[in-house]
Structures are given as structure tokens and as C-alpha cells.
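First subunit A sits with subunit B, and in the next complex the same chain sits with subunit C.
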Partner chain A sequence: MKLTKTLLATTALTVAAGMVSADGHMSSEMTIVSWGGAYSASQKGAYHDPYAAANGVTIINDDSSAEAVAKLRAMSEAGNITWDVVDVVAADAMRLCDEGLALEIDPDTMLADAPDGTKASEDFGDLLVSECFIPQIVYSTTFGYRTDLVGSTAPTSVCAVFDTETYPGKRSLEKRPINNMEWALLCDGVAKDAVYDVLATEEGQQQALDKLATIKDDVIWWSAGADTPQLLADGEVIMGSTYNGRLFAAIEEQKQPIGMLWDAQVFDLDGWIIPAGLSPERQARALDYIMFATDTQRLADQAQYISYGPARKSSAPLVGKHKTLGIDMAQHMPTDPNNAKNTFLYNYEFWADYRDDIDAKFQTWLAK
Partner chain B sequence: MAASTPISRKPLSFVLPTAGGIGAFLGLLLGTGNGSGLIGMLLGAAIVAAMAYGFIVDLQNEKLSKWISVIGFGIVGFMFGGIILTIVAGLVGMFYHWLIYWLYEGRYRAKLLPYLTPGQVLWHYGFRCIAALIFIFLITPILVIIPLSFNAQDFFTYTPGMLRLDPEAYSLKHYQDFFTNNEWQRSLKNSLTIAPIATVISVSLGTLAAVGLSQSHMPFKGTIMAILISPMIVPLIISATGMFFFYSQLGQFMENTLGMDKNLIGYIKVILAHAVLGIPFVIITVTATLVGFDQSLTRAAANMGANPMTTFFRIQMPLILPGVISGGLFAFITSFDEVVVVLFIGSAGQKTLPWQMFTGLREQISPTILAVATILVVVSIGLLTVVELLRRRSERLRGMSPA
Partner chain C sequence: MSDSTANGLVLAADGTPLKRSLSRSMRRQKMRAFMLVAPLLIFVLLTFIYPIGVMLSRSVQNDIVPETLPETVRVLGAWDSSSGDLPNEVVYAAFMRDMSVAIKAKKHTRLGSRLNYEKTGFSSMFRQSGRKMKKLDPVVDAPFKDKLIKIHKGWGDIETWKTLQTYSGLYTSGYFLNSVDARMTPEGMAWQPEDKQILLKLFGRTLVMSLIITGSCILLGYPIAWLLSNVSPRSANLLLILVLLPFWTSLLVRTSAWKVMLQQNGVINEVLVWIGLVPDGERLILINNQFGTIVAMTHILLPFMILPMYSVMQTIPPVYLRAAKSMGATNWTAFWRVYFPQSIPGIGAGSILVFILSIGYYITPEIVGGTKGVFISNRIAYHISSSLNWGLAAALGTILLIVVLALYWAYDRIVGIDNVKLG
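Now for the complex of A and B:
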């Protein structure tokens, strides 16, 4: 009994002491969670290093974004959140926001205005897809093909993936229904506007799976973004889907004989969330970082390292040349008019409603 | 054993099918790599059988046929690829030539006992082939990564330049990345901090537990043993989940009540968890050594006035030391290789080498991982060699012949 009292008292004291010291202070160390690889390197160059230099903060990188939702849930249940800022795709941000695991953000007070004074909410516009989500980049999932293995006519349409007669050989597709189902329907004669209406029906889902079944024997399924570039470099596949930045790195930095197939690329958003329930000084630090890292110049800076489009409208004109290669980055952005002739935007609402159902069907189909 | 058996020439009806069969095997491997296993198999059998027939019946000159074989294969190799392939093909040619004469002259019998039946001879060589194949399957995956770690490109691919031995295609940049990249250096440092401390804890606790469990008057021995080695038996992911919640509570207590540094708590958590995983290995190896330990020695020591501590350190410990050391090695490797528990319990500050390799493989297939792997392989070979040399030295000093 006595021990419990002492413990309680000390706990209260330490907590109180923590509160006092937090007043007006920010923590001097922060853990930023991201995807690793070239993407984390671009964030380090554009955000982490300048921020750490200006504020004397130690930034620790944790490449755990792939399991961010599960880990944040576990951390919150155990009452031990070790992350300060987390990079997630928009769909994950929505889930985290719905579950109350992410902090709600007021763009106009918590994010920087554009240099011309435009409010952040307007500058980000439609890309603010969730109350907790601070958009950072627009990326796309699209196809790359081996220029030396596809014969004399390079593919120009996404339907080349389903055309095993003209383009014999293996292809790599992501091991999940999202994007694959849309492409399958599109190449099975469904009009682009009608894709999601068709996909909402049982028959439509079957139709998409049937279309995928025609190439099932020729597909290598990938689960990490690095798989397709490796398979293409090995010549194990002749074409494959992955994130456009990975293909850019393979083509321009690694000089691989790979071409971009931008047709029917699917745009998606990636950005930051701040976990809910951080201590006041850590939250203050996280918000300060976010304010810095998502301003107009910083978002444009990231494009010096990787070919993902900045999420702010005001950043687009500032996109310059690649940091080390010196090539003009604008033409490599998925949002460039030449590349964006035929695009999808990841349909968050549709997949929020149908994901579990279609996922189950897809996995059963895959195991058959 | 080295009895020299008189040898005699064998009939063609034995040499041709046997040589052809071995040719078919290599042909199958090559054919599968290039499209059709069946064609490769038939082609390989036909080529080697034809060679055997030509050499034995037409040429009848061992030296000359050797050169024909080596050069012929070398030219074919050169036509399909660069220098490496030429050399490899030349060696293959040499092997087939040697094989044909080895079979034809009956040399395979020379070193065997004269009274062995053909079946026993076949088994003698078949057994060696199986052993060699097992060895190859074990060692190739390790050898294959070593040249790849010097790749000038950022992929796990043998580029055409590498196969041509073009110096441009090789580089040390992945090694440079490992030694200059903060993330890799920090994870190396973490691994080298966590593993030794965890090992010391597991060795001390595990040895104590094993000594206690080997006492004859210990009650509930079986149950206690089962509980202590359960971390080894329970699937890691389950222990990891349990540990995550347990250590979260412990961490909060240490942080809020004891006011300890967050980073330090992280290390304590991972080290304790790894120690728990290492303890079963120590218990098992030390228990095994204690089976052969003569308990009357401790009684004799006690009889002469030594207290239990002295008895343990002066009598028991030196005798069970080999078990303790090998248990310690296992515990060290368990912690050094461990990725599941540290993913659950550690935060990014405690990122260990396997964790960094794991994320590196998931997110970016970078040959830096191969460079690290190569370094680890070299270091482990070095460590094992040193341990083995020390063991032999101590055995020599004690007047035993190395086992």
C-alpha cells in the first residue's frame, strides 16, 4: 500500500515536472518514419538536413511506413508512441484518422502559406483528402518496359500488358487488386468513366479477374516497390508496374535499358501525419517540422532528388534540375502534361468501401 | 586402405553409357538454364558419348585427345561468351576427358580394396557425389553474393561487363556506402552493443540455471526446464508480441517513475529481450556438458574446505567451459541475427544490422546489403578459424591430439 502511494506520488511529480519543462519548449530529438531507399534520401536532402541544421535537432529515420497502420495501433494500445512524424499514403492516413490515431490538422494555421500569401488550404486544394493528412507528393503507379526485349514496336498503351502475343514474356504486377482490376477492365473494353461502376458489381469483379486470368501464367507478383526495377534490370520480366520514381532511378541514375509507359498511370498521394497523443513538447516539435517541410520551396526542393510531383500548386514552377544528374525534372513528373494524357486518380472512396471484399476475392483467385 | 588394386580396361558398353549419363546431367543443368532441359540432356549425353567413342576407338592417344577436348570446349565457350566462359568450358573439357579415361582404364578401382563388388564401388563414388552436392548447395548461395557485392550497378545482377571481367563493371562503392552511411554505421554500432551485453546476461543466467537444474535435489525439474527453454520453442512472432506489451509497460515505468533516458530504456528493453532468447541455448549446451560432470569432484572440494563459490569457479567452471562458450556463441548469434523481436520492441534508435538489412531488402534492393553480408561472412570465417586454432592449441598443450 505504501509502495503504491510512493509510486503514484513520484509519477505525478514527474508528469508535473514534464509539463512545466514542456512549456514553450520542443524536444531535441525526433523520429521520422518513412519508406526508406531513394525516397527517404530525397526527404533527407530536402527536409531533414536543412531542418536539423537550422534547429539543432537530431532526426532519427525509421523506415517502417509499410507497416505504419499496424504499428501505430499497437503503439497506441500499449500507450508508448515512439514516432513523431509519419509518412503514409493517403489511404492509410484516412484509416488512421478514422481510428483517432492521427492528429487533426488545420491547414491554415498549422501549415505555411504560399509565398504570394495564398492560404495553405487553397494551395493544396483537393489534395487535402483527410483532416489529418498533410499532402507531400503526387506519385503514380505505372509501367516500365525493357526497351531491348519488347521487339521493334515499343508499347504505348497499358493494354500491352495483356497482349502476350505481341509482347511475349513475363510481366510483374503488384500483389493486390488495386490498379490491376482497373487496368484489366480498361483493356477488356470498359469505358474509363464506367470502370468503377462496373467494378462495384459482382460480374464486373469477375470480369476483371477473368481478364487477369488470361495473363496469370505470365505474371510475377511483387510486393515491394524495389522488386520491379530489379526484375527489369535482370531481364526476368519485359514489363512491370511500380512507382514512377523507382523507374526514373533505374532509367536515369542506373542507365538501365528501360522505357516509361505512362498510359493509364494511377495517381496517388503520399504525405505526413502526426500521431495523436504525443507529449506537448514532442507535438510542438512535430508541428514545427511539418510547417517547415511542407512549405512551397521545400516541396519543390524534394523534386531535385526524386521524380515525384510536389503537392502544392505554388511549388510546380519552382521545380528545377536534378541535384546530381542536372537533368530537367519537370518532364519526368507524372503530372507533366505529356505524361498525364490518360490517368486515373486512386479512388479512395471506392476502395474504402470495396477493398476488403475485392481483396478476399483477389487472394482466393491468386491461390487457385 | 591404400591397397593398390590391379586395373584393367573396361568394355565400351560400360564406358559409353556411364560417360553419357554424366554428360546428360550437366547438359540438363545447362539446358534448363537456356530453355529446354530435355534437349540439353540429350545433347549432353550424345556429345560426351561421341567424345568417348572418338577418343578410345579412333584416336587412342591420351595426351592428344586431352588437348582436343580442352581446346574444343574452350572455343565453344568463347563463341557464347567472354573469357570466364572460355576458362570454365576448358575446365569442363578437361573434366570430361579425365572422366572418359578414368572409366575406360578402370582407374576408379585403383585406390579401392580389390574385393569390393561393383555395387560397393558405385556406392563409394555415389556417396561422395551426394556429399559434394550437399556441400555445393550449402556454399553456393554464400559464394554467389561475394562478386555481386562489387557490382558497379545498384542491382543484384551479374551484368555482362562483370562476366567479361571488365574492371569498369566492378566497384567498391557499396562498401564505401556501408562505411560512410550513417544509418548503416549506427545499426552496426547498435548490433555490436546489444549482442555482447545480451550474451553476457544469457551466459550468466543460463549457466546458473543449468547448474541448478542439474542438482539431484531440485524439485519440478522438468517443468522449470520447459519454461526456461520455451522462448526457443514458441514461435518468435508470438513471444515478440507478448514482449512488446510487457516491455512497453516496463519502459513507461522506467521513463515516468525512474526518470530514465528514453534511448537508454530502448537499449535495456532490446538487450533484456535478446537475453531471454539466448538463455535456452546456454541452458541446453551447459546441461549437456554437466551430464558428463562428475559430481563427486564438488563433494571432494567441499570436503577440503572450499565454499560453494570457490568450488564453482575453481572446479566446476573450468570443466564445463566448452559448453558455456558454445552456448555463449549461440546466444551471441541469436541476438546478432535477430530481426523479429527488435522490430517489435526497439524504436528506430535501436535499429540493428539485421533490421537495417531487412528494410533495405524490402524497400530498396541495394547491393550494400551484399557488401555487409560479405563482410560478415569474412568476419565469421575469421572468428571460427581463431576459435578452432585456440582450441587445437589448448588441446595440444594439454597433451591431447586434436579430435
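Now for the complex of A and C:
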């Protein structure tokens, strides 16, 4: 009799554990949305696997970050949110926050302190660009060039992109105004501090487009981050913009003859948001995961897999060697002092306002 | 079995008039037929027609403005925007009350992104003002006019209030105007500035290029379909597999393969340079332009042309051609006067399929189209997934749907839809 009771009790517990974990407040399954490819692999190695091993959680990966904003909006309207933690760029996090689709985060209570006791809000500092955004990495959009096709003098300035006399050949740029407009103004003599003031005016937008028009016939426009490394590898272009991690993979992992042009790289942030309106169990699980995955050590661990800089100041000294290549990762980080001599920080407020307006002009200009 | 009564009514066996009895049994039959298709009908209604209808209705919906700012919209209606004066304190106080409710519900930033589609700058204005207005009390801190203008100078700009007044209705024609390169201003309809006129151009390009793609599919598909229906069944099966093989391959793979073929260091250019037809310095530009889109899409859509053509041609008896020739027709006359007219239903069916598919194509133009080979669907995709301007995307989609239906109607009038056969 007693045995039956115990058996029943354990069965009940096991069944319950299937839905909520041992502490009874968190779901035992979570869906994490990210970008796929090498980036998701780095998150799996640094965050998912250790977290799943320590907590007995099943993690389902969904590579939908590129359409995350639209899909989350649709899910929220349908009243059925199937995602627990979503990896998005900061601009998208801001829009999700504006739309009320992401949970507001209090960094000091919801995120881990640095090992020396520094509060999370201070450790992340300026990178907390939105109330809903939990920064993870700093990446940059920058240029790579074919070392064997640019002649005897390798480019050192971003303006080499606009210099078709010294560097004849095709270049690849992203098929959207963001970053391109800034680089164009910068190379048209506008001071770095004044770029966004100029870009806010009709004349400034025209000035940027006119500068881009000088190389329009030499540009292949890309829309996927993998395009530029491929175009460089095929010799279709001699230089092109893309995310620095993609160039790192092409240079160090695939041994392509590509050099990094770090000048005027545009810093951007990528990180997590938690969708608003999750059930308490799922939200608790998502917050628990975030607390773990964004602590100082974990952020530094991710840099063993991919050359993106950890978003915490306290993680920087912990960045070690690449997991399989064994090379020192610090020098490949966009934030490394040697690479960050001349940088640009993506202006979120500006682009939130001007994105649609300038994009319409940019696309009209492209179609001309 | 039936009898005629005195007044001429035909009666059924049970004495009811035959007409009624017949219609009753017909009705029962119709009901039974309807019940058989009902599950599918309900499924299609619920999962296809209804969601599409909801999506398309977004093209006129504007309830976010009157719902977020109910009082402001009401009192702003009395304001004369042409007076050149800012609205009075009543409007500002109503706006403050509406906003403090909206800020608590975190709806003000959403309104900001909605209005930013109409006037650049609203997004940050609502976000920044929201942070500061949170600290004000809508009763104690009155009056608000100067306080709000101090919080953000945009509230002192007459254009801000004009925009709010213009877009205060539950419904708006703004999205439809936007989708034909026009916009709604406080003074009425106006064209977009020239450097923002893109959508009409894209509609035109989509139609013209879809026609070219349909045309090249007919030219390439017709001989293959003819061959398929005129060789032995064994060879026809083999050929059919060759036609279907690319059909079973992923769309992305096929499009990427065209990239490898057509790029400047790609297979075609390398061969041309190697045989000396093209000098090394002047390699042909075959991709990232309209040519690339036409080539790749013709290839991808070709099976949709060949299959209906083949199934129609199969039914044309070969004896007709022989009969024509035996009566003295040349090969060409026999083909053109006897065979071709009978194959038109296949061409019609294939053309409609290919044209409608290509008009909504998105992924291939995105990959190989460069800047001049992209379609209107690429803009729709941008507004759905990047700019989140679903109203505009819905308006563009509605217009595209109407254009397709209009063309279908025109086709029916000119060629006749009975002349379309899939087999």
C-alpha cells in the first residue's frame, strides 16, 4: 500500500517535471530564436549547452531572427507567442519595445553583477540602448578587400571605396541606406560629428546620394551577410562591406586572401529580448536563462567561437583563444584598440525616425 | 407513372406536382454535394480567405490614432488648421490626458511609429516626449501648452497638429495614396516628391517583366511540349523527368546556381573569354540586372508552361496533321492552320499560370535582380518584415490582386476562359 503511494507520488512528480522543472516555477522547454549559421553555433557552445546541462531544459532553436519583428507582431496579434528568448539587433529591439512586444528589463535586478560586484547597468553602460534590450555582442559593419587585387598599396581609409582610380574594380555595398549614407558623407568631407545633422536635411541626403552616384556603376548591392565574403572569394568584387565576423571566418577559417579595412567601421549591437505576454512559468525560465547567458564569463566564452566583442566591460579581459583554430581572439575583435582607431556608432534614434523616409529615396535612387 | 390532372399539372406517383417533387429531390442532391465539399470550403474560408481579408483590410484601417488619442481627436476637429495659429490650450490639455493614459498602457510609442510613416520624426518625438510626460500630472500641472513645447519643440510646430488632424479618422485612404506615389496632406492629395516616386515604376516593371518572362516561357516551352507529345511514350517519360527534375530541386539552389553561371567570373563568361569571343577586360554583365531576373525566372517557371501545353497537345490526334498534308497543305500551313489553333488552350493555361506566379515572385528577383531587376513584391516584403508598415504592404497587395483579377477578366473577354485547359 505504501509502495503504491510512493510510486504514484513519484509518477505524479515525474509527470509534473515534464511540464515544470524541479523548483516548480519554470517551464522545462524553451524556444530560442537566433540568426542561424556560425552565430547560432557560437551561442550553442557558450550558452545553450552549458545551460541545458545544468538545468535539464530542452532548448529548441529557431533561426528566424531576420524576420523576428514581423513574426513577433503577428504572434502577438494571434495571441499565441511561441518564442521565449529572441536574438535581435538593437534597432529591432527598440522597435519591438516601441510596439509593446518586448518585456522591459531592469538590468540591476534581472541581470547578473560582474564578478567584482559592479552592477549590470554599469557593466553594460551605454550599450543598454533600449529598456527592453539585453546587449550580448558588439559587432561591426566594415570593409574587407582582396589583398591580391588591390595593387601594391593596400587601402587604409574607408574612402578607398569611393576611389575608383586607385582601386578600380567592383565593390559590394548593402542594399539599404544605413551605413552607406554615413560613409558617403564622411568621404565627401563632412566632419564625423556633423554626419547625422547633415543627413537630417534634404540637401544632406542628396549630397550622400550624389557621392554614392560616383561609384554606382561599380557597386554590387548585397542583401544577405554571406554575399560579400562569397563575392570576395569569387573575385567578383575587390572590396565590400559586411559584418566583421563573416570576414573573420573567410580570412582565418577559409584562408581566403582577404584583408580587413577597419577604418570607419560602424559599431552595432546584437542582443536578447524576451517577448511580452509570456506565461509566468515561461517568463521565469526566459529570465533565468538570460541571467545565466549574459554573465561576464558566458559573454567572454562566446568569443571563443566567433569574432564579436562581448557587450560587458568586465568580459573583455577574459577573451581567450579560438576554440578550434587556437588563435588569439582579442586582436580580431572590432573593439580591439588597434581596430577601433576610427569608429562610428550606429545612431538608433536617428534611423528610427528617418529610416522609412531615406529608404524610399534610396530605393528610388537605386532604381534610376 | 405520372398523371396529368385536369388543370394540366403533371403529378408524381405520390400525387405532388412533378415540378415540386423534382426540385425537392434536386435540392436534396445539391445539399449532399454541398455537404461533401463543406469541410474543404470551411477550411479554405477559415485558413485562406479570412486571414487574407483581415490582412487586406489593414490597407484602410487607422483606428490606432482615434483609439489612442480619443479626446485630442475630438477637440482637434474644431481647430482651423489654415488659421496659421497653433491649437489652443484645450487641445494640449486633452492631448496630455490622452497621452498619460497611453503612456501607462505603453501605447504612445506605437502611435509614434504609425505616424512616422506620414511625417518623419514622429517616432522619436513620441518616444522622447513619453519619458518626460510621464512625470507630469494631467490635472495638477496645467496649463500644458508651453510645457509640452518645452519638452519637444515638435509640439510647437503647426505641421505636427496638421498631420494629427489629417490622420484622425478611423479609416484612411493614405496607404492607397502612398502605394501610387501620392500622399494625403492637410491640403488634400499631392504627389510624392520626385525623389520618392518608386512604387508606380515598380508596378509597371513587374507587369512588363512578367510579360517578357511569360513570352520567353512560351517560346522555349512550346517546342519541348511538342516533342514530348510526339515521341514514343518511353522517350516521353524520360524527357518528362528531365523537365520535372529542376522542379523538384529547391528554388534557392536553382537561383544560386544561376549566380554561379552568370556572374562575371562565372561559367558563361569564363567560357566566352576562353574561346576568345569576349576580351577579358569586357566580360558581359549578365546578373544583378533585369537580364538576370528574366533568365533565372524563365528557367524556374518553365515547367509550369510545359506541363499544361503537353497535356493539351497529347489530346490532339496526329491524324489531323496527316489529313491536312494529304490535302496538299505545306508543313507550315498544316501546323499553323490545323495544329496550333488546337494547342492554344494549353498556351493559355500555361501563360496564366506563369504570369500570375511571376507577378508575385519575390526571392529570385531579390537574389539575382540587383537594383533594376526587382519587383513590387520585394517592396511588399520590405514593408512587411523591415519597416513594419503593414498598412502600405496591404494596400500594395490589394492593388496587385486587383490588377491580376482585371487581367484575368480581360483575358476572359479576349480569349475566353473556356479556352483554357489544364489537360
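What we mean here is this: the second predicted complex is superposed on the first by the 344 of 368 C-alpha atoms of A that agree within 3 Å, B and C clash if a C-alpha of one lies under 4 Å from a C-alpha of the other, contacts with A are read in each partner's own complex, and residues count from 1 in each chain.
One rule holds in what follows: a contact is a pair of C-beta atoms (placed from the backbone, for glycine too) under 8 Å apart; a residue touches a chain by one contact, two chains touch by 3 or more.
Quantities reported herein were computed from a predicted structural model and do not represent experimental measurements.
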Clash or fit (per the criteria above) of subunit B with subunit C on subunit A: clash
Touched partner set for A:288, first subunit B, second subunit C, both or neither: neither
Touched partner set for A:79, first subunit B, second subunit C, both or neither: first
Which superposed partner A:163 touches (first subunit B, second subunit C, both, neither): neither
First, second, both or neither for A:366, with subunit B first and subunit C second: second
Partner chain(s) touched by A:220 [first = subunit B, second = subunit C, both, neither]: second
Which of subunit B and subunit C A:234 touches, first, second, both or neither: both
Partner chain(s) touched by A:254 [first = subunit B, second = subunit C, both, neither]: first
First (subunit B), second (subunit C), both or neither touched by A:353: second
When the two complexes are fitted on chain A, the stretch of subunit C hitting subunit B, from 276-284, 294-302 or 366-374: 276-284
Overlap of subunit C and subunit B interfaces on subunit A (superposed complexes): 66, 234
Residues of subunit A that touch subunit C when the two form their complex: 66-67, 69-70, 73, 95, 97-100, 170, 175, 206, 220-221, 223, 234-236, 349, 352-357, 359-361, 363-367
Of all residues in subunit B, those that touch subunit A in their complex: 153-157, 183, 244-245, 248-249, 251-252, 256-257, 259, 347-349, 351, 359-366
Residues on subunit A engaged by subunit B in the complex (per definition of touch): 7, 10-11, 14-15, 31, 33, 35-39, 60-64, 66, 74, 77-80, 82, 224-227, 229-230, 233-234, 253-254, 256
Partner subunit A, residues of subunit C touching it in the complex: 106-107, 109-110, 112-113, 116-117, 120-124, 127, 192, 195-198, 201-202, 263-265, 288, 366, 370-372, 374, 379, 382, 384-389
